[in-house]
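What follows is a pair of complexes built around chain A, which joins chain B in one and chain C in the other.
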Partner chain A sequence: MLEVNHIDTYYGELKALWDVSLTLDKGEIVALIGANGSGKSTLLEAIAGLLPPTTGEILFEGVRLDKEPSHRIVEFGVCLVPEDRGIFPGMNVSENLELGAFSKRGRKEKEETLHVVYGLFPILKNRRNQLTRTLSGGEQQMLAIGKGLLSRPKLLMLDEPSLGLAPLVTKNIFEAICQINQTGVSILLVEQNVHIALRVAKRAYIIENGRIVQHEQAKNLLRDRRVIQAYLGTHYA
Partner chain B sequence: MVQFLAQTFVNGINVGALYGLAAVGLSLIFGVMRILNVAHGEFLMVGGYIGFWLFKLYGVDPFVGLPLVGIFLFLIGIVFYKVVFSRVAKFHEEVKLKNSLLIAFGLYLIFPQIAMVLWTADERAISPAYSGQAFDLLGVRFGYVPLAGVCIAIIVILAMYLFLTKTYFGKSLRGTAESWKAAKLSGIHIEWTFMITFGLGISLAGIAGVLIALTQELTPFMGMPWTLKALIVVVLAGMGSIVGAFVAGLILGIVEAVSAIFMGPYTIAIGLLIFLIILVLRPQGLFGRA
Partner chain C sequence: MPKNWKSFFIFGGIIALLAMLPLFTNRSDVLTWSCLTLQYILLSQSWNIIGGYAGQVNLGHAAFFGLGALTTRYLWLAGLPFPASLLSGAFIATVFALLIGIPAFRLRGIYFVIGTLVLAEILKVVIDTRFPVASVLPVETLLTYSLLPRYYLSLMGAVLSVIAVYFISRSRLGLGMMAIREDEDAARTSGVNILQNKLIAFAISTFLAGLAGGIFAFYMVAIQPGYVFSPIWTFDSVVIVFVGGIGTLIGPIIGSVFFVLLKQWLSLHLPGGLHLAVFGVLFILVVLYMPDGFIEAIRRYGKMVTLGRKPMVQGG
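Let's look at the complex of A and B:
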């Protein structure tokens, strides 16, 4: 469904991604693992059209995304929930969700999707008239994912959904992510919490210094000595 | 003495409403686009002169001409966005702010010269037959034209407020003002939002220009003083608060009118003094958030 073929990306003069390729099939959860500054977020931003690649191509269901502006990419059914959550702090919860459905694609089915999102995260319904900046970190992350769902994505890209959250909240978020996946939404996941990421994902890519260095079934990576030492800590060995 | 003070207050409100109206457009453009349009007053001047032309050449009543000027200035705003400002709008925040300042200062240098050619350096005003009429209430004089100006300013600002809080497109403007990145990822077409925002802001400046032409005079060099007034009001109110900008405009108008009793020609310093005090003590503005 998603095919990233040999892309290079620059921040001005600085090269951030080197010949990166990745594939994702319909219905899959794929994890992207790497240290800080390794290029995980850059790759997601490249797919979402925020930082178009200079070489290579990005195909989504046969359509070239790398030449499209970001608002068009949303219309194709590709949605990024960025690391800073991509929500509007000075607006209330229901306004945020409404703007999540701004695309034509999302607006058509706004009411139904809103129902689904409130079912998934009931707390958002209680807080719907509250300003977003007054929500807790976990609630903000739920809102970010909910807002992403309102664009009716076929592919949902999540950048560090567990960032700064308590373990229990992280667990809830990941249960929701699995539920979303079961409704047929494919998920590309960037996550520092490698252990949890490899449990929910089917496959994973490891990225180092802007290059994909390993690609493996998630369950194999959980047993890989090198991965364990680099990303999971030795006590898992 | 009470009557005199009341009259001063009313005069202050008459002027302050126009300050507010001029500031709302500047605030909208800065809030959504992060472009400080120091040529805002120039567009205000153009709006005033277009209203003057409609009245003088075609006998159009200024209050009928007002929506026409609004629409025309909206289109001018879109042309100026497309031709000049869209080129810097895509840059990063700091680069964008600096470059747009240079462009707007350039426009500030060009506009008065063109206005000199088109309308000469003579002071102009829109003075329909009813312009001097007024009624008395408890010994305080209310001019019909300034009162209509205040009412129109309130209506326009309320309409802006409702547009921004109740309509889908208005909400997307506020979203863009909060975070252009989040807006983009929500499927909002930023370029388009910027263009409409700029058109709206310029349109508000034009409407203010006509109302100013009705109560004060038009000169080719009025642009920068009005930009400064609008800027003081925006700083006083805090960025992004539409109703706040209007209230701050009223405050500045009243403070200036009252201080004129004691300070005469030095009132202009009062506005700048308020500007400095607010920047030091409450940089987020009276109605803004830190």
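Let's look at the complex of A and C:
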């Protein structure tokens, strides 16, 4: 469904991605793992059109995404929930969800999706008139994912959904991510919490210094000595 | 929605009362102040659309007010019927806005602010040198000059701007504008076409600013062409919007009433030009201590009265 073919990306003069390729099939959860500054977020931004690649191509269901502006990419059913969550702190919860359904694609089925989102995260319904900046970190992440779902994505890209959250809240968020995946939404996941990421994902890519260095079934990576030492800590060995 | 109906009746009632104002009084000072207040409502609401809702701090607003004023004035005095002149003025302002909007909206934040400010100043210098002579109404127009049509025209302009802001704030366009104001990247990944949304907001804003200029040109007996391009028009609007409540429907109305009354009172009691300093200080105080403007203070006071106790600190 998603095919990233040999892309290079620059921040001005600085090269951030070198010849990166990645594929994702319909219904899959794929994890992207790497240290800080390795290019994980950059790759998601490239797919979402925020930082188009200079070479290579990004194909989504046969469409060249790298030729499209961000707001059009949303219409194709590709949605990014960025690391800073992409929510609007000065607006209340329902306004944020309303903006999630801003695209033509999302607007068509807004009421149904809203129902699904409130079912997934009931707390959002209770907080719907509350200003977003007064929500807790976990609630903000739920809102970010809920807002993303309102665009009716076929592919949801999540950048560090566990960032700054307590372990129990992280567990809830990942349960929700699995539920979302079961409804047929493919997920591309960037996550520092490698252990949890490799348990929900089917396959994973390891990225180092802007290059993909390894690509494996997630369950094999969980047993890989190098991965364990680099990302999980020795007590897992 | 009974709550909405109440607002509609209040709004309709105020318009009806204002429309009947000339029946109650023929004091020309009252009518003059009312004209000015209504014109300021139109101008400040027009700035509120781009600055308050879309969050693009346009400090070149005087350029659009000036273009509307000058175009309307010269077409009207050249013999074109006034309504056609007025619409042409607003149209020219909008066309100019779209021409400069495409490059200007490539700038973000402070660069957009400086860019628009400089643009208006360049235009003012050009106009000052190209049109050095004041435009005075011809004698036959002066003989029939009456405040009444000016008053009703100002009222129509003000009402139009309030209606425009009301519908924008409840539309998809307005939602996109507010998203851009809050976070441009998040708006983009939510599917908002940033440039298109900004340009539409700018076009509506400058159309109304051009209209305000045209009405002012109709109202004034004598106009120095450079004066309508003076940065005063920009900064008066900014002060009014901030003092009243930025990004709100009612804020600019409260701000305009307060601004005109205080300005008249100050210019009667302070030596020439000093009232500008008072507004500068007031602006700083409002931004520091009352960033949501008078409207928020009134809302809190209202809550305090109805609850019968001190309001709780917001946020925390």
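Just so it is clear, the second predicted complex is superposed on the first by the 237 of 237 C-alpha atoms of A that agree within 3 Å, B and C clash if a C-alpha of one lies under 4 Å from a C-alpha of the other, contacts with A are read in each partner's own complex, and residues count from 1 in each chain.
Just so we're on the same page, a residue touches a chain if its C-beta (ideal position, glycine included) is under 8 Å from a C-beta of that chain, and two chains touch if they have at least 3 such contacts.
These numbers come from a predicted model, not from an experiment.
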Looking at the superposed three-chain arrangement on chain A, would you call chain B and chain C a clash or a fit?
clash
Check the residue A:8 against both partner chains and state whether it touches chain B (first), chain C (second), both, or neither.
neither
Just to be sure I read the superposition right, which of the two partners does A:87 touch: chain B = first, chain C = second, or both, or neither?
both
Between chain B (first) and chain C (second), which does A:147 come into contact with in this model arrangement: first, second, both, or neither?
both
Chain B versus chain C as contact partner of A:134, first or second or both or neither
second
So, A:61: does it touch chain B (first), chain C (second), both, or neither?
neither
Can A:28 be said to touch chain B (first), chain C (second), both, or neither?
neither
Can you pull the chain A residues that chain B and chain C both touch?
48-50, 69-71, 74-75, 79-80, 82, 84, 86-91, 95, 98-100, 102-103, 105-106, 147, 151
Okay, in this complex, where on chain A does chain C touch?
48-50, 69-71, 74-75, 79-80, 82, 84, 86-91, 95, 98-100, 102-106, 133-134, 147, 151
With touch defined as at the start, can you tell me which chain A residues reach chain B in the complex?
48-50, 69-71, 74-75, 79-82, 84-91, 95, 98-100, 102-103, 105-106, 147, 151
Chain B to chain A touching residues, read off their complex
168, 171-172, 174-175, 178-179, 181-190, 240, 289
Over in the complex, which chain C residues touch chain A? Could you list them?
172, 175-176, 178-179, 182-183, 185-194, 315
